[in-house]
Every structure is written in structure tokens, then in C-alpha cells.
Amino acid sequence: MIPVDYYIILSAILFVIGVLGVLIRRNALIIFMSIELMLNAANLAIVAFGSVIKSFDGQIFVFFVIAVAAAEVAVGLALIVEIFKSKRSIDVDQMSSLKG
Amino acid sequence: MTLDLALFLLLALIAIASALGMLLSKNAVYSALYLVLNFVTVAVFYLLLGAPFIAMAQITVYAGAIMVLFLFVIMLLGTDELPKSQVLPWQRPLAIVLSVLLAAEATFLLVTKARPAGNVLQPDESVNTMENLRQLGMLLFTDYLLPFEVVSILLLVAMVGAIILTKKEKGAR
Amino acid sequence: MHLSETANTGFLFLAPWLVFFPVIGLLINGIFGGRLSERMVGAVASLASGAAFVVSLLLFVTVSGSHGEAMRWHLAEWIHIGELSLDWTFRVDSLSTTMMLVVSGVGTLIHIYAIGYMHEDVRFKSDPGRFRRFFVFLNLFIAAMMILVSGDSYLMLFVGWEGVGLCSFLLIGFWYEMDTLARPSWANSDAAKKAFIANRVGDFGFLIAGFLMFFAFGSFQFDAVFAKAHEVPHEMIIAITLFMLIGVAGKSAQIPLYVWLPDAMAGPTPVSALIHAATMVTAGVYLITRSAPLYSVVHEAQNIVALVGAITALFAATIAVGQYDIKKVLAYSTISQLGFMVAAVGMGAYVAGMFHLVTHAFFKALLFLSAGSVILGVERGHHHAAHAHASPLSQRERARARESKGKKKEERHDAHDDHASAEHHEAFDPGDMRNMGGLRKTMPVTFWLYMIGTIALAGLPPFAGFWSKDEILLDASHHSQTIYWLLTVAAFFTAFYMGRQIWMVFFGEARHEAAAHAEESPKVMTVPLMILAALSILGGALNLPFEGFHNLGHWLEYTIGEVEALGLDMQVAGVSTVLALIAILISWLLYGRNPMKQGQVDPLKKGLGPIFTGMENKWYVDELYHAIIVTPFNKISYFLADVIDWRFWHDWFHEKVIAGTYNWISFIGLNEYADQKGIDAIANGLGVWTQNFSATLRKVQNGFVRSYALSVLLGVVLILGYLVLK
Amino acid sequence: MNQFDLTTILPITILTVWACVLLLVDLFIPKTRKGITALLSALGLAATLGFTLSQIGMEDSGFNGMVALDGFSTFVNALLLVSGLLGVALAYGYVKRMGIERGEYYTLLLFSVVGMMLMAQATDLIVVFLALELLSIPLYVLAAFSRPKTDSEEAGLKYFLLGAFSSGFLVYGIALIFGATQSTNIFAIVESASTSTSNLLLTIGAALLLIGFGFKVAAVPFHMWTPDVYQGAPTAVTAFMSSGAKIAGFAALLRVFATAFPAIATDMTDVLWVLSAATMIVGNVVAIAQTDIKRLLAYSSIAHAGYILMVFVPYGNENVVATSVAAGLFYLVSYAFTNFGAWGVVIALEKKEGKGLALNDYAGLSKRHPALAAAMAVFMLSLIGLPPTIGLIGKIYLFRAVIDAGFVWLAIIGVLTSLVSAFYYLRVIVVMYMKDGEPTAEREPWLDMTTAVTALVTVIVSFVPQFLFAWASDAVLKLF
Amino acid sequence: MNLSLTLLTFSPLIGILVLLFMSGNNRNTMRWTALITSLVTFGVSILVFTMFNASNPDLQLVEKYNWITVAGWNIQYHLGVDGLSILLILLTTFLTPISILSTWTAVEERVKEYMIFFLLLEIGMNGVFLAQDLFLFYIFWEFTLVPMYFIIGIWGGPRRIYAAIKFFLYTMAGSILMLLAILWLGVNGGTFSLPELIAQGGIPSNIQWWLFLAFAAAFAIKVPMWPLHSWLPDAHVEAPTAGSVILAGVLLKLGTYGFVRFNLPLFPEAAVRAAPWIALLATIGIIYGAAVSYAQADIKKLVAYSSVSHLGFVMLGLFALNPEGIAGAILQMINHGISTGALFLLVGMIYEQTHTREFKVYGGLWKITPVFGTIFLIVALSSMGLPGLNGFVGEFTILLGAWGAGQNGVFYWGNVWFAAISALGVIMAAVYILYMFQKMFLGPQGEIVDEVKKHGHAIRDLNWREIVTVVPLLIFIFWIGLYPAPFFDIMAPAVDKLVAMMPLP
């Protein structure tokens, strides 16, 4: 019997790593991946919680989250590719002409 | 220490390690692969938690489709490694400090102040996988019909958006 | 209110016309005067003043008819709010009719005199258009003075009080663009300003006295106030009377506020005669007399008033000794004589004070106007001498000719003006006695008139001045030896400086070409002088110190209550007469026996040395005031304006604190923009501050998406931190 | 599912179907005549608006409590549809002029509106999340619509990355709430929260949820994307985004917080208090330093988010929550109209290649285009909160609610920051009226009409705000 | 149904609409339109005045309609006039045509907008004086800011933008605090109606104090009381003539009027508590303003600072809290409007010819422009409080009231010192007014005369239009100075009623 908080703490750790990835990586793709990791961590927490109460609600939510992630990926990758076309780089630090 | 716990700890270690691997790999391809590993590990967790459908979805959609797409883009753009530059010298230390703080806060809150109660399902408790799947499907088309439809629209929109963003305009360039 | 309603009011209804006539006169002249000839203007003004005189006479008759009973004529409400109720009510009683008669009588004479005087004066100063303005002001003065003397409350008196102050300002500054020698200068206007401000200082005392009075007595109305004089605490009345004394000191040129009066001689001579000798300056004396019921109950205050008057009398007399300007001598003499009056009314000798007021009005007006005649005569002589070869016509004839012939001669006129103003730069001073001498021969009429005035002022029997001054001295001898001796010594000096003046001006040889060519004044000027001379001789008859001849005393008793009728004290009269004769003798020894030569130092200077220098320089009071009042005020004012208000409030507080905070919080670089241009720069110079974005702003909104994410994380950490700590 | 379920989301359904149809129809519309698509989408919006208005007074809940139809949703939906219409009207000439005219612009806009409307009606956190994504994804694309203009692409990427980042927090928040209450349905959450003793987990979840919404409405410190995205995105998109996304974000926030989380009010009130104050201060203060009109308006929109956030502060106080939410709704209306108008003027002056956006380019506008300048002046006054504009009424309503709840200090911060805001809004007026210059402006009929209508609404409603007041306060009646 | 006050408030709107649809460059038509509109408004105000019953201390001609009475709001469109405001209304409608007339030739650019803003301003000012609902009042109050901001900012002097923004921000800084206080009152009192709120009373004294301060912040800045005056010299110096006239004549009165209308009756306890402090600031303002005026090199600035001094008198009178003080203060508001308005007019007239306001280049003008000089003198004398002219009546009653208040303990530790020291201000007024008059009109001819001649035209005396502009003001200067009884009669009942509310010590 594993207490649910183990899972939650694990998910929190994964989430923080994802956050850190967004903050310290410059590669837009890796940043994006980090975001996926965050969502993934959240999913883990949801499934864990859902498993405690033996309900499908959590699973279904996770299913939707995965779908949304897929949609985001579609748009996000398109954007990154497009930017690469004009900037020849996917370093987000290069994209800082708008500021102030 | 039960077997469950040992298994959990092992998997958790793998998950965290692979996440850190993604975080720290210089090469984007490695990062993506670490992430795939992470996703698979999490999928195993899902199985342990009695959510085989989600585990499958995780592997097919996430680890499969999405990450392949990522790898594909990485390869396509050829930007697996970025040249070194330090535009924001304080960004990294600050980010690490804040993240550690966040982790500390989260741990403190989740462990001491707001500890979630209850235990997760035993893996052997998980009932018939097919039955599980059927119930899920039923729910999706009854109780969760609206979100389901919304997701469909969302995917449509994402598709349209992606096309618009990448489609070559006639005479645009 | 209308206690007169039951009595026979006679001509009382005319009381407001005392004011209305002069106002009508000034309106006519002010609005239509431009189209009237000088004669018409003068006539209208004189008629207006004369009408006021007639009204005064009729009122006098009315008051006499009702046995001196005070009568009031309510014209209109003025201020009625809360407990305050003020009305435009005219008070006609023996005191006020006396003043009305003096003011309008002397005033009318001076109006007539001024027709002649100003005719020439405006031409010497090359601005004939200003003739009319003079008479407008003069009428305005009569109106204000009438309000002053006929008001039924302290507040209405105050209206006139300030009104005459205004006229004084306007008339002193009549030749506002020049100094007394007609050189372009701020001097005359400065003198005018000084007079007004000194008066305002006095008015401040008056106002404070008014406030105290209102809350002690509940009214400003004379009868209401006097009725309670015995109920109100003694200290309160002392305070009221002493504050009132400040007002008196301002208006009647007493220490310490007398300094404006000598400068006031910058005004044309008729002004000096009318306002600064005969009428306005006596308003303070009138005020104390009017407030007799208040002063009578507080002897402490009376003593102070008397002392101030006596000291002023002596102090000013000493200064008069050291003056060279013919009008300045008379000015200090006026201050001195006003000191006599104030001392008199301070001692409670109201009749004596008023008596001296009246006689002084006669002889001082006479002296001033004669002095004006002298000055004009010398001026004529000066021009005559300068133009003897250029034109056979006398200056006066030329002026007349020009007036009648109109435009054709304008060119010559202009040429003359240029010449004249060029000459003025040599600064010939027609009023300086050192430039005169021997005028007895060239200006005989004036000489005799002047002699009469001098004798009256010096206090030789049986001229008017003798009787009135003697009465004051007599009262003083009963009252206080200090005051008596102060006044007696002042009387001695009076005789001396008048003697000195006579010798210097009319005797000996001419010390300047101008004096040699001096010409007598026209009839329009000398005839009023003759009337005044007659009054100066006979004025004593108003109140002779013999049983049955205390006319003025009895007359005023109606208003100020029982007064002790004094007889002639041979000792007092003898001492003063003898002293006066000795003084004249000394002056003859110094100035008459060996007439001053051109460029000679005043003989007194040898004898008295630094004392004379002190007298000559008015004991440096002006300089003292300048150092302790004017300069500090200017400094404080500029300090407040420049340092405190502008640099601190406006620039520092506004720009640095408020705008600076704006700038600072928006990270626009504190140092460069904290100056006055702060807001401007933001408002105007968009380009300027773009480049001045400080590093901070760049760091915060730096365009890096990772930093933005960091900001989000920061928010998360803070919120969760809050939950942790809670 | 039954027909009643469908009624609850009838307008959404109509608009979705219309958008899908339009996607197809657009394929057959020639490239040069994409104006037809605009008209058709406007038609769809208008029709939907009609249906929405016909739903006034209806109360229902559908799809197993996933969505609700009530006064609140009707009010917000109507406002969103009007925003959509205004957005289309602004875009009509603009996209043509900027050479980015494509039919998908309008369909994406419609989908975004669908997401926004769904957000206003959602009563389940899953639906909230999905709706948020549905409104965001089209906006990500629209922000980058001017590609290959790098500014536009940069804006899109920034918006996208940060949006996804914040979604991560949102999802995690929902996860924790789910863990704490075993449900994602708002009513169930209320049920659970009222029985549970410790709600800290719920509080943490709510806090994370707040971060997600805070990002959408541009609350400090989650606001940093706003100026960059607003500046980089095509102006017509910015106009729509700054109103629509904000309205939707606030609508969801209002519904979720006001209905679901009163139990944790004590904890959240302080957080919201600080958030609101910080947003007002930072938004207004940084705006002072702006020279680009788009950035200026971006910061201004941040500041206004702060004002609206004030209405959440007292949400735990039963006596005043209705007033304050109504105030928030009214303020959203006032903000939407004013904001659209201001952006309309910006669009009128914008030239190709991003020219005409500096504040200096407005110099002398009052001489060359007095009506345009007057309209802009009205909008600026409204944003400051001066009579005779709706902005003043809105602010007064807001401050009243805040004072009513006893947060006088917050109100003082509010008024002081609006004083600060006067400074930069006035600068726009200064430049237009008191400087000389030769600005040129595009006069497109739809644009002019939009500007005129919004200006008139801004002024006229300020005289007769009672109808909107009444509607807004009716709208929130059944919310609690 | 009596709509006279609505008509009064909004009658300039007609002119605005006409002007809006007027195109082209026909400036004179625009001027005439504006002038006639303002004259019509003046006519309406006279009409209102005839309907006004001076012996009634209460609000009259009341119009009260529900405006926003939904959603917990209770806001009325509530206009009314009483003895405290009727004179200020008349002043407003009286000064507006005069200021329009004064800009006949001074404003050549963008005449249409100028006139529109001016008429808008008139609406705002009338509304402020008439509104009896706090909400409505606030709207009008803030609204006056806008047109004035444009008038200063567009048609002002070289630093006009700076001055306009400063004016705006300062004034707004105060009024937003008032807004909060208004909302507090409205929320806790259940109504925004001023008479009802006054009738309710019963605000706890510590809260009264804060509310009082919030209202005072708005009004004190507008007045402006020392030390909040630093916007005033800038605004006055940069504003066009008519702007200065209205600013000094009416807008500053909005502040003092606010104290009378709101602070005193709404928060009587706090008003009594604040009286010595406000009197202290007023006294400092009187002396300070007078001293600082004297040191100015710019004519308009001198007049601007003199306003600080004069309005110090008004504030002193108001917080004497007795009939003399308050009535004197109200009369002094009118006086200041007339005198300082006239001064600004006159300064504007000479400025139009010389384009400089530096004292040092002037001098000896009386010789060249006798009519101008005489009128200027009368106005200046009125401003320095010469008895017989209007300024004296106001200042005297104020000082008397303040002295009485000091004796009766209203000023606590201040006693009669405030009145006594303020009386010194009378001397100092003479100092700076005479200084101004001397430097402009007396003394030797200033260099500006030749300077102007160099440009081909000599300095001229007033023309008929200018005389017509000023003479009405002169009439009032004499009228109020000599026979102020009708003015006091109008306000006395209302003032008495107000004083009766004060819980004096």
C-alpha cells in the first residue's frame, strides 16, 4: 500500500524539474519539452488522486490533458519551425526584440 | 519495505533521473530521448495506479507520437545543440534558487501541512482491463461528452493553426 | 437709530450731498473733462467743492439751530450680517460741522488757487493733459474727507480714512514719472507708495482697534460705543485707544510713522497745502477728539498720546531747522504742529487741539500756497533767465499764447519741451532755499502773505497761531510739566526755523539767477492766499481766551461734553512769546544780518556741527527704517518667493518629490530628470527618455521569455510562500 | 445528453458550427475577396448574439453540471460576442492594409470566441481548462499571424511558451483541487469544501489555478508577456485579445472563485489583495515610460486588470460579493468598449512596416483629424476615469464595492494609481492636441464606425448606466 | 415640473451643438455664437435668480429625479440652489461671457474648439454649484478639469503643457480621495443625496475626521490652500487670459464652495476640530502669498500668488464658523472672482499688445493709456481691500468673524492671533498691489513702449470692446463695495442655517 503523497511528491519533483527546464534552457524545443514534463507531472498527480477514490474522473481528465498537449504541440512546433525559418535559430534568447 | 514501495522508489528514481537527464543534456536529441524514458516510466506508474488506458495513451500519444514529432523537428531544423551564449547571467542561479524554493515549499506543504490522505490502488486491485476501458468509453460519451467534443474542436483548431502558420503564401517570400 | 427724527432736521437731508457734490464734480471732469477747457474743468471742480462748502454752512446753521444736538441722516444699509450692522449714516454735530467747514472752505480756496498753479505746473512739466486729472483727484479727496468727518461710525470714518489715503497716494504721485526736480525717476511714485503703505500700517492699528471695539462694545456706532465706555474693562479701552493711536500716528504723521509726510511734498504744492497740511493729516486729531469719551476714561492712554505728540512736535521741529527745501521745512513744521495738536487732544484739551487744527489749517495752507507761489516764481525766473535771449515773451505769456493759438505752434512747443527737459537734467531745484534770496523785491505780494503765515505759525500775538498754540501750552502747563516744556522748546524752534526761512528766502541777495528773475504769481493764486491770510490773522477770534469769547469751546461742548474754559495765563503766554522773539532774533543774527552767499555753508553748521548734520539728515530715521523694515521685508519676501516657494515648493517638492517619484518609479533615471524639466521631458521629449531607459527597466521587461517565466515563477513562489507562512 | 443540455450551450453550438462551416466556405472564396468571410463571420457573431440575448433570464445547467446557463453567462457571452464583432470590424480593413488578409483569420477568431464563451459557462474545471486552451490556441496563431514579420512571430512564440507554461500550473492546480475534493465539478467542490475541515490542499490548488488565470488576464507578476505580445501581434488581434481574453479570464475567475472557493476566502483574499495592488501599481507606473502606443495600451490593460482584480478581494464576504462581481462585470463592459475604441484609433494611424505607432506620430492629430482625436481623447479620459465617460462610472462602481467590503486601503491604492495613470493617458492627449505634426490616418468605413460607436457608447452610457447596472446586478444574482 | 436649473446648467449645450456643426473658418460667427450662448445662459441665471426666494434658507427650485437607483445604488439627479450658491452661479454665468469677449482677438487659432471647451466648462461649473447629489457633484467636479486642461494646454503660453498637466494632476490628486469619501458616505448612508446625508448625520467622529480630510484634500488643492498652491502660478501664468479669468474667478471658488457646501454641514464635528488648523494654514497662506507676490517679476504670477493670499482670507472666514465669517467668505469669493478676474483681463489686454509680462520693461503707462490705467487702479485697489470697494467688505467681515471666532474659542490656541496676523496681510496687500501698479503705470516710461513702437504700432488705450468687457466688473466692484446689503441678504438665511449646525465649543 503506497500512500498517495508519495506519488504527489514525485509529481511535484517532476513538475519543478520541468519548471527549471523552462527557466534555464534556451532551446525552444527543450523548453517546450519541459512544459510537457510539467503537464506529465500534473497528470501523474491526477491519476494518483483518482486511484485513491477509485474513480475514472481523474483518468478522463488526464486523457483530455494529453489531447490538449497534442494540440499544443501541433501549434507550438509549427510556430518554432516558422520562427526558425526567419531567424535560423531556435534560441529563445534570440527572440527578444520586443521589450521595454 | 514492501515490494510495492521498492518498485515505486525504483521507478521514481528512474523518472527523476530521466527528467534531470532531459534537463541537463546539451543535445536536444538526448533530451527528447530522456523525456521519452520519463514518459514510459510514468506510463508504468499509470499501470501501477490502475489506469491501463491512460498508460497506453501515454505511450502511444506522448512517448510515441508527440515525442517523435519533437525528434522529427529537431532533426529537421538541425538545432540539436545551441552555441553557447550567456545573455542572462543571473537567470540560471535565480531560476535554480527559485525552483529549490518552490520544491521546498511544495514539499513542506504537501508533506507537513496539507498531506493528501489515502492510499492508491494496489495493482492487483485493478479490475478487468477491458471492462475498465469500456467504462471509460461510456463515460466519455455520456458524462464527458461536452469536453470530448470540445477537445475535438480544439484539435481541429490546432490543425488549422498549424497549417496557417506553416503554409507557404503564394508570393509571400 | 433716528434720534434726529423728532428734532427739527432743517437742512440735514443735504448731508449726503457733502459727498455727492464732489463725486459729481469728479465724474463730470473724469468722463467729459477731456472736452472741457481748463477753465471749465477748474470751475466744475471748484464749484463742486464750493457746493460742499455751502452744504457745510447750511448744516452748520441747522446744527446751531438745534443747539448743537447731534443729528444723523441714514442714507443706506451697508453691511448687515450676523451681529454686525453697519450703515451709511451721516452724523452732523458741532465737531463734524467744524471739520466740514474747514475741509470744504480751505479746500475750495485751494481748488481755486490750483487752477492757476496747475495751469503753469502742467506746462513746466510738459503734460497739459494732466490738468484735469488733478482736479478729479482733488474732488475725490474732498468726497473722501467728507465721508471721514461726517461718518456716524468708526467704520464709515475708516472708509474716508482710507479714501483720503488713496487720494494722498494719487496726488503725491501726481508727477509719477519724475522726481521733484522733474527728472525721469521713480522717486515721486516711491514717495506716493511710501505714504500709502505707512498709512496702511496705521490702518492696521485702526482695524485691530476696531475689532477689539466691536467685541467689547458690540458696535461701531459712535453713540453706542460711547454709551458703554464705563462698562467695558479699563484694559480693553486702553488697548483700543492705543491701537487707535497707531492709526493716528499713520494718518497724522506722528512718531514713528511720520516718515511719509516729508516725502509727500513730491506732490504739487496745492496738495501739500490741502492734504498734507490743512485737512487730511488732521484726521488723526479729529479721530481722537471724536473718541474723547473713550480717551477720557483712560488716563494712561491719554498720557501716551500726549507724550507721542509732544515728542513729535519737538523732534520734527529740530529737523525743520536743518532743511533747505522750502517745502520740506514746512512739512516738518506740519509734523511738529500736528504733534502740538495730538499732544493737546491727548491731554484732553480737545478744544485747544481743534482750535489749533483750524488755525493751523489757515496759516499752514497759506504758507504752503505761498511757498508754491515762490517756487513757481523762481521757476519762471529760471526759465526766463534761460530763455531771455530766445524769446521776449515771458514763460507764462508764451504758454497762454500757445494755448489759444492751437496747433500751429505745436512744433515750437515740442522744441521747447525738449529744451526744458534738457535743462531739467542740470537739476535746478526751484524749491531749494539756497537758490533763493531777495525775493522780497521780485515777489512782494507773496512776501507779505508769507510773512503773515510765518508770524501766525511762530505764534506771535495777535495772530491766529498765537491764541491756539497758547491754549495748548496753557493746558500742558496744567497737565504735565514734561509736555509743557517739550512743546515750549518746540515752539521756540518753530519760530527759529520760520525766521531762518524768511531771511533765506526773501532777504539778502539772490543766490541764483533764477531768484533774480523771479516773477509774481497771477491773481487766481494770490486772491485765495489773501483770504487765507486774513483768516490767519483773524482766526484767533474763534476762541479767544477771554470770558464770553470761547466760541469754539462752547460749540464743541455739544459734542464732546463740558470743557474747561481757560483764561489767558500771562506767564505761559509771555514765556512763549518771548522765546519766539528770541528765536527770531537768533535767526536774524545767523541769517539776516549776514545773508547767505551763493555756495555758502549754513552758518548753523559751523556752530552745531554734527548736530546740524543730524538735523539736515532727518536724524537718519529713513535710513533706519530702511535697514530694519524695508530691507528685511524685501529679503524675506524674495527668500520666500525664490527659495521657499519656487525652489522648495515648486521645484523641489513638486519636481523632485512628486515628479521625481514619477520618474523614479518609472525607472527613468533619477539624476538626469529630477530637475525642473522632469515632467516636461516626459511630456515633450519622447525621444529623450527613450534613450534614457535605465538598466533596471531593461532588466525587468527585457524581452527574454525565460525571464518572463521567471517572473511567473516568482509569483508562484511568493504565493505559496505566503501559504506556507500563514 | 438531451435537448436541454444543448439549449444551455446553444449559442456556443451555433457559433461552433458556423465557424466550421465558414472554414469550408472560405476555401471557395477568392483570395481577393476575403471581406466576404469577414462579413459572414460577423453575421454569425451577430446571429449568435441574438440567440444569446434571447436567453436572458434563462437558468439551466447541462452536461452533468459541466456548463451552466445563467444571467452571468448570458451577460458575459453577450459582451464577448460584441467584442468579437468589434474585433472583426477592426480587422476588416486592417488585415487588408497589412497584407495579411486570410479567411482563417476570422474563423480562428470565431473559435477563440467559442472558447471564451465556453469559459464563461463552464462549471467544471475540466471544461474550464479546455475552454482556456480553446481560446488560447487560436490567439497564439493569430498573434503570429503577421508572419514572416519577426515581431509577430516572436509575439506568437512568447505568448505560446508562456501560455503553455502557465497552463502547466493551472493543470497542476486542478490536480490538487481534484485531490482535495475528489471532484472537478464546481458544485461538488463547494460541497466538499464545506464539509472538510482543512482546506489547505484546496487552497494551494486554488492558488495555482489563480496563477493560470492571472496569466490570462495579465496580472502582475504574470503579466510580462503582455506588452511584448500586444506590441508584436497584429493590432487588430491585440485589440481583440486585450478585451476578449481578459473578459473570458475574468469571467472564469469570477465564476470559479466566487462560487467554488468561498471557504478558503480568508487565505485567498490577502493574495488577491496584493495581486490587485501590485497589478495596478506596476501597470500604471511602467506605462509612464512608454513611447510606443501599443505598449502603452498594453501596460494600461495590465493596470485595468488590476482594477478588475479588486472585485475578487472581497469575494468571501457574502454581503458584498454580489455587488462587487456586478461591479466587475460593469467594469469589463466599460473597459471593453473603451479599449476597442482606443485600439481602433491606433489601427487608423498604423502604417505598414510598423510605422505610425510611436506616440509622436500622434502629434497634431487634432488638427488633421479632429473627430479621430476627439474620440481618442474620450477613450483616454475614460481610461483615466473622468467624466463624461463610462470609465468613471465603472471605476466608481468598483471602488464602491471595495469600500463597501471595507478595503479602503486598496481603494486608496486604486485611486492613487489612477492618478498615476492620468499622467500617461494625458500625454496622449497632449501629443494629439498640443503638439504640431502631420499625421495621416486611414479612414475605413468599418473602422470609423467602430471608433464612432465605441466613443458614443463610452459617453452615452455614462449618462444612463442604470440599465447596464441593472443587468449586471441581475446577472450575478443566481451565481451564489 | 420645474426645469429651470437644468435649463441653466445645460443651456450652453445648445451653443456647443451649433458650434459642432459649424464648419469653415468663419471665426467671428463662432465667437458670436459662443457669446450669445453665454449671454443666454446668463439670462437664464437671472431668471433663476428672480425665482429665487432669498429669505428661504433651504434649497430651492429643487429638481430631484431618480437617476441610478438599481443594484444598490441610490443616485439622484438632484439640483438645487440656495443662498450659498446662487451668487456663485451668477458669478459663473457673468464671468463666462466676459471671458469669451476677452478672447475675441487673443484667440485666433482653433476658435471653434476653444469656444466649445469654454461652454463645456461653463456647464461643469454650473453643475458643481447646483448639484445636490454627491455623485452628481463629483461628476461635474471632475468634468471641469477636462475643458480647462485643454484650454491651458492648447491655447496657453510657452510652458503650457507642463502647466496643464500639473494643473490636472494636482487637482485630480485631491479629488480622487474625495471620491472614496463620497463612496464611503454613499455606501454607509444608503444615499448620495446631500440633504439626506446631512439630515442623517451621526457619523462617528473619528471617521468624520478622515472623511473631512478626504474632502478637504480635494477642495484645499483647488482653493489652493498653502502649501498646496504650487500648481497655481504655473496654471495662471500659462493659461490664456480667459482661462486665467475663469480659473481665478470661478474654478478656485469650487474649492472654497466645496468646503461650505460639504465639509461644514456633513462633518460638523470634524470641521470644528479642524478649524484652528485650517485657520492656521489660511493665515500662513495670507501672509505667505502676500510676501511672495511682492517678489515676483511676472505680473500674472504676482496676481496668481495674490490669489493664494486672498483665498486664505476666504478660508479663514469659512472656518470662523460664524455668520460674519462665512458670509464674508462667500462674498469674498465673489469679490475675488470679480477683482482678480478683472486683473487677469486687464493684464491680458496689455499682454496682447506687448507680449511680455515682465515688470521691468513696463513703467509710466498711465500717461499713454489713461483709461486703462484708471481702470487697472480701481481693480487693484479693490483687490487690496480699499474701503468703499468690494474687497474691503469681504475682508473686513471675514476678519471680524475670525476675530470673534478667536475670542469665542473656535480657534482654540489660535485665539485672535489668526485675525490679527491676517490683518497684517492687509498692509502687505498694499505693498504688492502698489508695487505692481507703480511698476506698470507710474515712474518713467518703460522700454516696452519703444519696443512695441519698433514693431510699427504704438501701445494703445483700451478699445470699446475691451471697455465693455471690463465695465460690468467695475460696476460690481463699486456696487458690492458701497451697497453689499442685497448680497448679504441673499446669503444670510442660508448662512445662519449652516452656522446653527456647528457644534461650536
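Going in written order, the chains are labelled A, B, C, D and E, and every chain counts its residues from 1.
Rule of thumb we're sticking to: contacts are C-beta pairs under 8 Å (C-beta built on N, C-alpha and C of every residue); 3 or more make two chains touch, one makes a residue touch a chain.
No experiment lies behind these values; they were computed from the predicted model shown.
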item	value
For subunit A and subunit E, chains touching each	C, D
Shared interface partners, meaning chains that touch subunit B and subunit C	A, D
Pair sharing more residue contacts (C-beta pairs) when B-D is set against C-E	C-E
From subunit C, the most remote chain by mean C-alpha position	B
Geometric centre: closest chain by C-alpha means	E
Centre-of-Cα separation between subunit D and subunit A, whole angstrom	26
Intercentroid distance (Cα basis), subunit E paired with subunit D, Å	43
Between subunit D and subunit C, distance of the C-alpha-averaged centres to the nearest whole Å	76
Rounded Å distance between subunit A and subunit B, as computed from the means of their C-alpha atoms	6
Interface hub residues of subunit C, defined as touching at least two other chains	683-684, 693, 697, 701-707, 709-710, 713-714, 716, 720, 723
Sequence positions of subunit E contacting 2 or more other chains	161, 165
Touching two or more other chains - residues of subunit D	126, 130, 133, 137, 140-141, 144, 147-148, 156-158, 161, 165, 169, 179, 200, 203-204, 227-228, 289, 423, 427, 430
Pairwise chain contacts under the document criterion	A-B, A-C, A-D, B-C, B-D, C-D, C-E, D-E
Subunit B partner contacts - residues on subunit A that touch it in the complex	1-10, 12-21, 23-27, 29-30, 32-34, 36-37, 40, 43-44, 47-54, 56, 58-60, 62-64, 66-75, 77-82, 84, 89-91, 93, 96
Residues of subunit E that touch subunit D when the two form their complex	67-73, 110, 113, 135, 138-140, 142-143, 145-146, 149-150, 153-154, 160-161, 164-165, 168-169, 172-173, 176-177, 179-180, 183-184, 186-187
Subunit D-touching residues of subunit C, taken from the complex the two chains share	662, 665-668, 682-684, 686-687, 689-690, 693, 697, 701, 703, 705, 707-709, 711-712, 714-716, 718-720, 722-723, 726
Subunit D - residues contacting subunit C, complex	157-158, 161-162, 165-166, 169, 200, 203-204, 207-208, 210-211, 214-215, 220-222, 224-225, 227-228, 267, 270-271, 285-286, 288-289, 291, 358-360, 420, 423, 427, 430-431, 435
Touching residues (chain side subunit D, partner subunit E) in the complex	323, 326, 366-367, 370, 381, 386-388, 392, 396, 399-400, 403-404, 408, 411-412, 415-416, 418-419, 422-423, 426-427, 429-430, 433-434, 465-466, 469-470, 472-473
